[in-house]
Amino acid sequence: AQAESKELTVSAAISLKNAFEEIGRLYQAEQGVKVIFNVGASGDLLRQIAGGAPADVFASAAQKDMDEADRQGLIVSATRTDMAVNSVVLIVPAGAKTSVKSFGGLSAAAVKRIAIGNPKTVPAGRYAEEVFNYYRLLPAIRDKLVFAENVRQVLDYVSRGEVDAGVVYATDAAARPEEAKIAATAPEVSHKPVIYPIAVVKGTKNETPARAFIAFVMSPEGQKILHKYGFRTGK
Amino acid sequence: MGLQVRLKKKLNGFSLDSDWETGNELTVLFGFSGAGKSMTLQLIAGLLEPDEGRVVLEGTVYYDSATGVDVPPQSRPFGYVFQDLALFPHMTVIGNIIYGAPAVPKHDKMDRARDMVRSFKLAGLEDRYPHEISGGQRQRVAFARALIRQPRALLLDEPFSALDHPLRLGMRQFLRELRTDFNIPVVLVTHDLSEALMLADTMIVYSHGRIMQKGAPDAVMNNPVNDEVKLLVGSSAPEL
Amino acid sequence: MDESVFFSIRLSLQVAAVATALIVLTGLPVAYMLARKDFRGREVLDVICTIPLVLPPTVTGYYLIILFGRNGFIGKYLYALTGWSIMFTWYAAVLASYVVALPLLIKIARAAMESVDRSLVNASYTLGHSELSTALRVILPLAKRGIVAGTVLSFARAMGEFGATLMLAGNLPGKTDTMPLAIYSLAGSGEWSQAHGMVLLLTLLSGIFLYIANRYSRRII
Amino acid sequence: MDESVFFSIRLSLQVAAVATALIVLTGLPVAYMLARKDFRGREVLDVICTIPLVLPPTVTGYYLIILFGRNGFIGKYLYALTGWSIMFTWYAAVLASYVVALPLLIKIARAAMESVDRSLVNASYTLGHSELSTALRVILPLAKRGIVAGTVLSFARAMGEFGATLMLAGNLPGKTDTMPLAIYSLAGSGEWSQAHGMVLLLTLLSGIFLYIANRYSRRII
Amino acid sequence: MGLQVRLKKKLNGFSLDSDWETGNELTVLFGFSGAGKSMTLQLIAGLLEPDEGRVVLEGTVYYDSATGVDVPPQSRPFGYVFQDLALFPHMTVIGNIIYGAPAVPKHDKMDRARDMVRSFKLAGLEDRYPHEISGGQRQRVAFARALIRQPRALLLDEPFSALDHPLRLGMRQFLRELRTDFNIPVVLVTHDLSEALMLADTMIVYSHGRIMQKGAPDAVMNNPVNDEVKLLVGSSAPEL
């Protein structure tokens, strides 16, 4: 860890924060390059990069934003890799009286409010909609839906008992087990896979360490950490 | 009955100590600039709290440091014309005058205000704002505003200083009539000796916060108690 | 124009107007107290009134949920008594805007009231006007420029309130999606041309409102 | 205390202080113009100065990127000339706070300056004082309460600025993560107890600052 | 040379039309309340713009509607004592006085200010704020503030109205000395006839915005041109 005082800036979806920070520490120890994480909503990160933000790596929570980055020529297409998969889960408040046990249970009259991400802006919201469609629930529950501006807000609503249920990622649910419990996990067929892509930002001066970072994330070591935080990895 | 005043107040090196009473007559406070005349009026009106003393009007105690009575200024029935007028800049002439009569019934207000406008020769200026009238006109508005609610005593701090001679004579006449009509105590601060001589029943001469002399105006004129008073009242005729 | 856009406009104006009215009604007495009463903890109260300005609105929103949510410290009693919760209603948007914009009015009105000439207040008292009458007819009109500025800023802030509203009122299309929420949705989903349009609309609308407020307040002084 | 928390505190204070200083320096002349000069488009300028208050900060942030980003309308020339871009630097946080908090000072200072007694300004002129000297020594001090209130509000707003900062400055630990951003990161990754601690800290710190500002400004009047 | 003034101004129903000149002497503007005296001074000082006219001091044109000259008030060398004083409430007595001397070198300022404090009998009040002194003391501060920069002409709007008799005599004496020392035009507005008689070289009588009469004070006194002027100057002796 000498000579190179280089810093690598990784713009990452906020749901990756904890896992990436651990990966970053290891990477730094091994490669001697300091990693700084710029966490936020994937869409905002994309807009920053489009505006010329000096990010080296972009890790998105959805293919859509990465596709858009690709389309605008903001990333080095060849470096784009799918690094992790998340699951979509239904959560309910830990001490909930209404016993929702499955997605189907959402149509029960006792369930008054269901929080999901805003499908327009939040990928998790789009997945939730797909799951509802899969179960043909949407017409029955449309009036119960509350749109949150990010997954974390859904989690807040559920853990404070302001809504009766919510749809989030498995990794989010894992962050607050005392307050929100998982009632059901959506089957893989019910929605498009929740894939987290990663790529090197075009024009970066740190392309070599950037590629190395991606490689490190994809290495067994990196994948193990992602797995530890609730992501599914491998094929 | 009248007005009894006993006041002590120390402020920033200046100390006021005065004690006098007056019936339903006109008392002129006369004295050097900075002698404590305006402060006396402020203490009577309740805008400044005395360190010690007593203010009684018509048997009603408005302030008494001994018993702890301290009626707030808004409940003291004095009509007060301030030396610096303090007209409300956001109200017209007529607005200022009407504002002086909060307790007067609505339908009376306008009549009285019109009377005031006539008495104080303010006709035509009703809808002007204070900054749109002359200094003497402003002074008359302040007087009218203080008078309209028919106060039970008048405190006048140099109310005629900015008036021309004929107007001043008219106002003095008006004040004399007022006194006979209303029969209330009037306290008038003035630096004009001829005014004092013409109007005062009693003249109280202030110097450095103390009362030097008190008496009928010609008594004071003819027998000043000391050189200070002599200096103050000594030269009433125009000198060249 | 799209009906949902129209709804957002109406809702935004309604929320901002109600919040501003409440702010003026409750903020002026507080500002008056701060300006003219000498009580213990006056400056502390002033600081407390200013704090919502410092917190990121999302955080304010979170705390509002803790207070007023269905299971919140206050909200739970309300819910137990009435079966009603403010969460996810347009009242919540009003509450959020209120809390976030109130400091503006209080601080500005206080400063303006403190600048009113003491001798005019005294003059009013000696004319037999009560403290209330003096406050309403002398202090308020003379502090008017400040109060108008404070009201305009509060209204603008309420129009633009977003973070706390989002938390408390949710984003229920056709129910609580004020213009800022709608703009955020559009921008966040990359529908930029519509987002720009909406921003332009919000800007124009607020601009017109502010312009009228400026003009009007100038005339009545 | 955690070193990164310490960094956030220092950065927040630094950003808010610099932004507030710039706001006062540039806002007062604008407020003066608005208050005392009669020019075409005066009220329009006033409205434009208020607009950032109406927009959700994130949207303001988008527009700032469009203007000042490396590929932005202004930013691209800057980058071409100097190879430097403001994005992801702490200067960007200053810029964001500046834009978002400036309206507060301008509106309040304008109202305060307009309330200064015309005859005192005239008196200053007849004593041979230039317009500048009169502005500095008569209008400014007499509008002080308003200016202080505006400055305090701007500082508070700058301390709490989040949305626009996030867009323009990014959220880089040890570089641009002001307290509000740090709170966002903590809350976003579920570290609530730390987030609450940070909020408490931000509240306390701002409270102390505001308290001192109140006290101090009261003493020097 | 002196001061030449020709002014026309219509304002809200009131119309002023006056035309006079004066050498380096003392001119008293005398007249009814609301006659346009203060307005004349404001027009001369440039605080109000005439509809038409000309202001020339010592050959320098400060205003001329014909040629479009309009020097802003801050560049006109008049010392102006306002009828309502306009002291700066945020400056102390000494601060107000020093503020009147922007162009005086630093080291001179303090000396001059101390001279002023002495001349105007304000010793001991230097660090008070205007609201902490009496009406007459305020008036003297306003005078001192206008004088310290040694203006090239003086515009005095009832500068002695709130002073006691001895002080007024002293101030008149001071003003006379000032005039011989500085040799500048002085325009004095007063309602006090004895003051006018004592001080004026020329007396100009205003009524309703017009000049009724102009001349030496005893000439005006003894031969008033009409009843109005007679009324105004008619009763100089104290009457009872």
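Letters A, B, C, D and E mark the chains in the order given here, with residues in each chain numbered from 1 onward.
In this section, a contact is a pair of C-beta atoms (placed from the backbone, for glycine too) under 8 Å apart; a residue touches a chain by one contact, two chains touch by 3 or more.
Quick caveat: nothing in here was measured; it's all calculated off a predicted structure.
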| item | value |
| --- | --- |
| Labels of chains that are neighbours to chain B and to chain C | none |
| Which two chains share the largest set of C-beta contact pairs | C-D |
| CA centroid of chain A to CA centroid of chain D, Å | 34 |
| Separation of chain A from chain C, taking each centre as the mean of its C-alpha atoms, in whole Å | 35 |
| Interchain centroid distance [CA atoms averaged], chain C/chain E, Å | 51 |
| Geometric centre distance via CA averages, chain E-chain A, whole Å | 80 |
| Residues of chain E engaged with two or more neighbouring chains | 84 |
| Residue list for chain C, restricted to those that touch at least two other chains | 62, 119, 184 |
| Residues within chain A bordering two or more other chains | 44 |
| All chain pairs that touch each other | A-C, A-D, B-C, B-E, C-D, D-E |
| Residues of chain E defined as touching chain B within the complex | 12-13, 31-35, 38-39, 83-84, 124, 128, 132-137, 140, 157-158, 161-169, 191, 193-194, 197-198, 231-240 |
| Contact footprint of chain C on chain B as seen in their complex | 45-47, 72-78, 80, 82, 84, 86-90, 99-100, 102-103, 145-146, 149 |
| Touching residues on chain D, where the partner in the complex is chain C | 43-44, 46-48, 50-51, 53-59, 62, 103-104, 107-108, 110-112, 114-115, 145-146, 148-150, 152-153, 156-157, 159-160, 162-163, 180, 183-184, 187, 199, 202-203, 206-207, 210-211, 214-215 |
| Complex interface listing, chain D residues touching chain E | 117, 119-120, 122-131, 133-134, 137-138, 141-142, 144, 221 |
| For the chain A and chain C complex, residues of the former touching the latter | 41, 43-44, 68, 113, 115, 118, 120-122, 145-149, 153, 156-157, 160-162 |
